[in-house]
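Mind having a look at this structure? Questions to follow.
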Amino acid sequence: MEFVVASSVGALTAAGVYLILRLRAFAVILGLALLSYAVNVFLFASGRLAINMPPILSPYEDLAYSDPLPQALVLTAIVISFGMTAVLVMVALGAYLESEDDRIDLEDEAEEGDAPGEVSKL
Amino acid sequence: MRKRLIPHPLLSIMLTLVWLGLVNKVTLGNLLLGALLGLIIPMITAPYWPDRPKLSRPFTVVRYVLVVLWDIVVANVQVALMILFKRNDDFRSEWVTVPLELTSPEAITVLAGTITMTPGTVSATLSADGHAILVHCLHTDDPEGDRDRIKARYERPLKEIFE
Amino acid sequence: MITLALLFAFVCFGLGLLFCLWRITIGPDNADRILALDTMVINVIALLVLYGVWKGTAIYFEASMLVAMVGFVSSVAYCRFILRGDIIE
Amino acid sequence: MPGYAEILVSAFIVLGGLFGLVGSFGLIKLRDTMQRLHGPTKATTLGIGSVLIASMTFFYLIKGHVSFHELLITLFLFLTAPITANFIAKAYITRHIREQDLPATSSDYGWSVYDDPPGKETEEG
Amino acid sequence: MNHWIIAPVILPALLAPIIGFVMRHDIPLARVASLAGTGALLAIAIGLFLSAGGDPQVYYLGDWPAPFGIVLVLDKLSALMVLLTAVLAMIVLVHAVATGWDARGWHFHALFQFQLMGVIGAFLTGDVFNLFVFFEILLIASYGLMIHSGGRKRMRAGLQYVVINLAGSTLFLFALGVIYAATGTLNMADLAQRIPELPEGEAALVRVAAILLLVVFGLKAALFPVHFWLPATYSSAPAPVAALFAIMTKVGAYAIIRVHSLAFGPDVAATGGMISDWLFPAAIITIAVGAFGVLGARRLMPLIAFSVVGSMGALMVAVSAFEPAAMTAALYYLVHSTFAAAALFLLADLVVSRRESDVLTLRPATVQNGLFAALFFAAAIGMAGMPPLSGFLGKLMVLDAMRAPGQMPWAWAAILIGSLMTIVGFARAGSTLFWKPTALSGEPVPDDGADPAEPAPEQARAGAAEIAPTMLSIAALALVTGFAGPLSGYMSDTSAQVFDRAGYVSAVLDGGPVKQAAEKDKKAEGAEPSQDAPADEPADGEDH
Amino acid sequence: MTDDSFSLIIIALLPFLGALVPGVMIRAGRNACAIFTALPTALALVMLLLHAPAVMDGEVIKAELDWLPQLGLSAAFFLDGLGMLFAGMILGVGLLITLYARFYLSGEDPMGQFYTYLLLFQGAMLGIVLSDNILLLLIFWELTSLSSFLLIGYWKHLPEGRQGARMALAVTGAGGLAMIGGMLILGNIVGSYNLTDILAAGEQIRAHEWYVPALVLILLGAFTKSAQFPFHFWLPHAMAAPTPVSAYLHSATMVKAGVFLMARMWPALAGTPEWFYIVASVGLITMVLGAVIALFKDDLKALLAFSTVSHLGLLTMLLGFGTEAAAIAAVFHIINHLTFKAALFMTAGIVDHEAHTRDIKRLGGLAKLMPITAVIGTITALSMAGIAPFNGFISKEKMLEEAVHTVWWENPWIVPALATLGAVFSVAYSLRFIFHVFGGKVRDDYPAKPHDPPFGMWAAPALLTVLVVLIGVMPFLAEPVVNMAATAVTGHETHAHLKLWHGLTPALYLSIIAVVGGAILLALHKPLDRAWIAAPRPEAKAIFDRLLAALAGLAQRISEGSHNGSMSRYLAIFVAATTVLGYLAWSGSAAAAPSRELLPIPPVVMVGWVLLLVATASVVICHRNRFRALVVIGVIGLIISFGFVYLSAPDLALTQISVETVTIMLLLLALHFLPKATPVESGAARRLRDGVIALAAGAGVAALAYVFMLRDVSTISGFHLANSYKGGGGTNVVNVILVDFRGYDTYGEIIVLGIAGLIIFALMEALLNGPAAAKLRNTDYSQDRSRDRHPLMMVIATRVMMPVAIMVGVYIFLRGHNQPGGGFVAGLVVSIALLMQYMASGFAWTQRRQQIEYHSMIGWGVVIAGLTGAGAWLGGKPFLTSGFDYYHFPPIEEFELATAMLFDLGVFLAVLGGVMLMLYSLSRIARYAGETVNVAPMDYDPSQDDGGEGPGKSDQTERER
């Protein structure tokens, strides 16, 4: 089981990293979504794996429970990354609507009125 | 006034039952809370459901439900057998137009749902004016027969119930 | 006996998931993919319910309930995207 | 634990598994999308229905308490499955089937995926 | 418990939604509320600063004992950072209001207050995961401020800013996962206590966590090689926002100072000198990046942005020593560079908005050219580290502190040569911007036919309220210079406290609410849930 | 503090205090301005002179104020002989320059600014010579660079001024920074930055291994400031400054700062072979080179500038000799050079001012037109040439005397020979100054008709000329001053014997050679000049320009090349660096063996694993087809949620699946406007590189996770399990952690959502009011392949489904504290319920039926959560302290109320409001893009029609704005 979880995290991370290295905003968004899955599972796994021991206390019996803290952390992380993704999507949309394409790279800084020769004027 | 407070009595009852189902424990407190929610939620959502559909003939409703359930079981077995044992080349799929006498949107919806859930048919789309349903039959030798069966077995009782 | 039956059902729905995966991967149409995803959702609900039976707990019920709900909503959204582009026009 | 209960539950579970499997199998076996649409909407519905019945039976007969949860899920699936199928069918039709390849509607208006509803001609713009 | 500790977080957190959701159609009202709130924040910050003289004060949120709940820790360092933030916020806010930046888009004031909440919360927290949460708050608020008022360039730069920081946040979570996996705790004091006691076999995980956190914080602090985002972001952001961002890089620096000296310091066996060994060269190269950027800049805003990068390098060089004298220098330089950057960005706003371009070519002089030139001169010598302003003192302190034989040549060469390149770059920019062009010499003159010596008539003169924030920033530099003695005295107390791990740990872990479960806690830890987890056998847990 | 030290501090501060005056006084007129500029200078000079007797007696006056004790930097001043000499020169000449500038500057020049800069410079200079702390000295040192930058660039309209100023700043600034390094090393060696301590520790310094680096660094500072070869080139270009500035900075004061520093550090640094070979050689070269170049300069000020370079070389060389006699000669020549060179600059300024040219080739015959100026110029130039009986002669004799006794690298000839050569050229250019400017016939083609200036303008040079003559004729008058300073330089008492006539010494012969040779050179000036012009020679300025241009160009290339806006590169570096660093950190220590047993892998998990891996791979493979990628992402979310259920995290499963759905909705909504496909833009090599980085990162993360999952750890969560019910009132420990133990995190998290809502709204407004609006208007985004927008079936189903879904939301909310669920999931469930409604009947229709202020909802959520937390203050408890209790009203069974639920309500509202505001914003954009809005819930309601004729209920559509 541990291997399954670890390799899944690895695969999601690799795919996410590959996608965030693409040139279009949408691919980057997909990549970040995958990375977000990966890190959520990773963080969750830091509490170690347990099967059928959800941390819902039973008043009747003395059961063992999985570690609740990483679960709470992951919940917080999921919510935050949801907000972030929403903003990212909107910013990407905005950037696309304000220009011709949804490239993620900035074009050359040089614009009209720039005199490259000025540098050597010193 | 009553319509404002309880816009959809059936919905309210259903929601109360849903609540009891959710909490999975029938107690007085849960019943009260469920009923309260069953009143409040339809009030909140009433603007999205402006008119109240007419529903009559509870016996017909029960009979209809039983028929449909039976048909679902039969349909499932038939389709399962077809999937498992029929060669792909032997499938004769057909489009069938089912003209509708129903006009109530609720009735049309239930009919379309029923068609989808029952023997070898899927309702694909309505006509733009809502007077016909396009049905896809997985395998049929007699499209007209299928259409008539639908109209007789499902549309007629629905017409009784809703209109 | 129940355990054996459960094992059998697990294998069935597991295989079902793999079939869905196959359809999602090769398509060919996006409608096929949405259909496969929807079927996958149903299989997962079944698995969740069976898991609850196996462990004898109802604690996973909300998950299946929610999966059913969001499965529907997302299938409709995917279809609406194909049909109209804007899903909440 | 009563023996008949166990048998009953097991039977429903096995049945559910079988129907579920067949439904998904249809997904890869059948040739065109419209045909494939039949598998999940039916076979799988019965599959999951059996599973839910098994679960209810299990909790009632073996655990000793009534569970309505499964009914809720059933309700949900029965309400949603036709709608989903309807949408998927439309998504397929609009992309792959020409209007003339479908039977006529029997009224003045065409199928809603191709035709505007009555009075809607003025909408464009 | 001193409830005022949480006040600087809660005040903006309550004010922001009110401004954002109630006053969103009423700019004057929002301005008044925002200014009043920031004023109150400043007062609170001063109060906290004055009360932070002794041992660290701890605020136990939810009345839960540490390390189980979240704590806020007010010590000299966090009090200093909070005060710095509040002062900067006031200056920037006045500028934004006076220049009308706040009205050029929606929700400036709400986002501004949320930004303050995030920054201050990050300074005050004593919990690494909570640090993450507040990083996210300050980041998401900064996304909004960064793209405030929109525009193509800003939007695209904003997109990059969001993306790189989301990648950074992801890495932060990975690091936190490793930390929790290795130590089982999130409280900084508890980490400081547990990490040195971990068995040797766990060192590798701790080391990875330490280095991942270094990258995360380094990203915020614009350290090479994760600084690349900064120039485009800062030079595309609205100027007052860029000025406010002067504190954002410091959050990264603060986090390294706080977390790494508490948990991964050189005296911790697991990490040893590893952090220094990586931080130092990274900081050196950062200085070089800043210097080359300043010297090679063709636009004013990137030039200033690169000077910020360079200043972060100098700051981090001092931090990398993890030693009190150097930390004193680092803290002094931190305060200085915050105001220097703010002054430059605010001034740049006044100038660029009148020149209508930040391209460094000769253009017609603007109105109030002399005043702007003088202010630029002052701010630039501050940033470049020329005497007599605090930048020079700060750099001297850093140089003086960096005496380790392996580091001295590098640190000295980088800082001194970097300063020279910065000076030359600023001199070039300043003389191009402010000295009147003429056709005499073959230098390019704008060919729009206007008399280059005459300012365009329609340019609005900057009023007192518009100039005051810039002047206040420079005045702050002067104060930091003049009171260098007392200030660095405070810094040296602060850095002593930073390295007093035992003091921090005992303040956090030994105080606090009576642990209702003090002994139960022991028991619970003994019956560790994940240790004796039985394999998945059907448990007949029941719904209740 | 004694009166003396107080007065010393006042002296040091007066120019700075005075610098504030001119700006104000200029409104009172130019004379008043000049007078009030002169006042602080004069006052300081008087106060200084009051100390003269004591200093001459060998007393050292000290003053110290604490500044930055941690660093060893204090405002420490001391006044010894050397300081006295220089301070006197600075203030004295400062007064004269103030006077001269009053008449020199034209009415258009901003005089207030000029005097301010001048006083700033004066203060900085004074600070250098009075500092008793080398860090303080460094501060003043750099201040002189800065203030001279302003003075040289004073005439802002002159590009020469701009370039000259920048060059001066670059060169002297660079030297200054080097000097900082040197000084810090000195401080390290001695253990104090106090100058007195350092001067007393000469032995220790010279013996230290860091002596040579310190020496070189400090000399770099001195050489650049004093324009020594090869840094001499900036000085002539600084001549673009107004002449008073040249006279002050570039003859009398600033350029002497380097010489001063060498003299100052003499006891600490001099006397070693390194000192001799570096300092003396550089000085010698500079002296000769400067003199040679001066001869061929036609610009009067350039001639004088190179002459100054040469004389500074002379001084440097003398100090480099390291002997006491040489030091005395140097001190004496400092005084002499000051007198004649300042006067000469002013003379040049007068000529320029009157004749409107400084070009020697256009001058000549001025003796008749401006006799007073001619007398002043001639006398001082003769002194510069080293011709008796003027003071320059005596100091030059002394220089030659020292040169004769100096052996350089075992060669006794080379120094005297070169020194004489320098003297020859010195005579030549001095004579040229006299004969080609004042001599010869009166011309009729001067740009302006020259005549003697008003008294105010020639008074200052005249006074200096008097000194030139006086010291030349009666050199013993200068003896006390020279001794005073030389004693301070050498560190022990000196006895200078200054005489005009020393008898027939070798130096005299060399002097005669110089005069004769100089006269011959002048006679041959024309052919020599032609040869000079024809000869190829390195142009220092051009080299410097090219060097700096290359450096700036390089900087630009490096900087812009590495910050080229390529996000993917930045991210690649980020990921690669993180991976490598992580690996190095990991491999730095050995990991212990696993301590946990592995859990089994049942078949369903295997299936899930395959599903996840295949789906992940497909996202990568098919990411260019954006819609398909989104469908596949749905699979991943489903599997992960399932995994969370399996691994005992039901709350996570609920959250994951609902968040994922909403996220996909959002992406679909955005994709509507975005391109539907991603083009292939990176080549195979790029993709390979990215693939390698990605795989490395993935492998690293996987390995890390695998390793820690195999070990046990003792965590703090035992406390949470133990106290969740008793202290937090809930059995769902995860929820209790969220709303209670770590409620502060949750508070932060809903604020993140609230901010997200704000940003999205603000962004939408910005877009609809920016250039994007036009694009939205003009682009057809519709891909409506289907004509039914709001199908009847969907609408009807939703009427039942939505209330049920809301019910589920309420249920999940209410039970969250004890069972899986809670405010966040509930918020999302209700959002999804509303989404259903929106998809069924459209956003606008739904929105119009029921106006919900999503803005306010977020605000309320955040405020409710915050106030719930703050409510604890009422009980004197910390923020977010929760309270809960159980209530029982028969016949209803017992139930629990907890403040945590109120907090959770805040969470619920913020989530719901946030999601809805996002949808609202996107929907507004869509409507702006031309989307029409329906007024009926469904496309067509067949129950409403009358046989298909006439408009149905849904036919009216309207368009937003």
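As written, the chains take the letters A, B, C, D, E and F, and residue 1 is the first residue of each chain.
To be clear about the criterion, contacts are C-beta pairs under 8 Å (C-beta built on N, C-alpha and C of every residue); 3 or more make two chains touch, one makes a residue touch a chain.
Please read all numbers here as calculations on a predicted model, not as lab measurements.
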Those chains which touch subunit F and also touch subunit A: C, E
Farthest from subunit A in C-alpha centre terms, which chain would that be? B
Closest to the centroid of all CA atoms, by its own CA mean, is chain E
So, comparing C-alpha centroids, which chain is the farthest one from subunit C? F
Round to the nearest whole Å and give the separation of the Cα centres of subunit A and subunit B. 42
With chain centres defined as C-alpha means, what is the inter-centre distance between subunit B and subunit C in Å? 22
Between subunit E and subunit C, distance of the C-alpha-averaged centres to the nearest whole Å: 47
Distance between the CA centroids of subunit D and subunit F (whole Å) is 67
At least two partner chains per residue is the criterion; list those residues in subunit C. 10-11, 13, 15, 17, 30, 34, 55-59, 65, 69, 71-72, 76, 78, 80, 82-83
On subunit B, where are the residues touching two or more other chains? 18, 22, 24, 112-113, 125-126, 128-131
Two or more other chains in contact with one residue: find those residues in subunit F. 166, 170, 548, 552-553, 556, 560, 565, 567, 571, 575, 599-600, 606, 608, 630, 646, 650, 671, 701, 704-705, 708-709, 712-713, 715-717, 720-721, 731, 741-742, 745, 748-749, 752, 755-756, 759, 763, 766-767, 770-772, 785-788, 791, 793-794, 797, 800-801, 804, 808, 818-820, 922, 939-940, 945, 948
Per the touch rule above, subunit F residues touching subunit D in the complex are 785-788, 791, 793-794, 797, 800-801, 804, 932, 939-940, 945, 948-952, 954-955, 957, 959
Please name which positions on subunit D make contact with subunit F in the complex. 75-76, 79-80, 82-83, 86-87, 90-91, 94-95, 107-109, 112-120, 122-123, 125
Using the touch definition from the top, list the residues of subunit A that touch subunit C in their complex. 52, 54, 56
List of subunit C residues in touch with subunit A within their complex: 55, 57, 59
Of all residues in subunit F, which touch subunit C in the complex? 602-604, 606-608, 610-611, 614-615, 618, 627-628, 630-632, 634-635, 638, 641-642, 645-646, 650, 653-654, 657-658, 660-661, 664-665, 668-669, 671-672, 781-786, 788-789, 794, 801, 805, 808, 812, 819-821, 825, 829, 832, 835-836, 838-839, 842-843, 919, 922-923, 926, 931
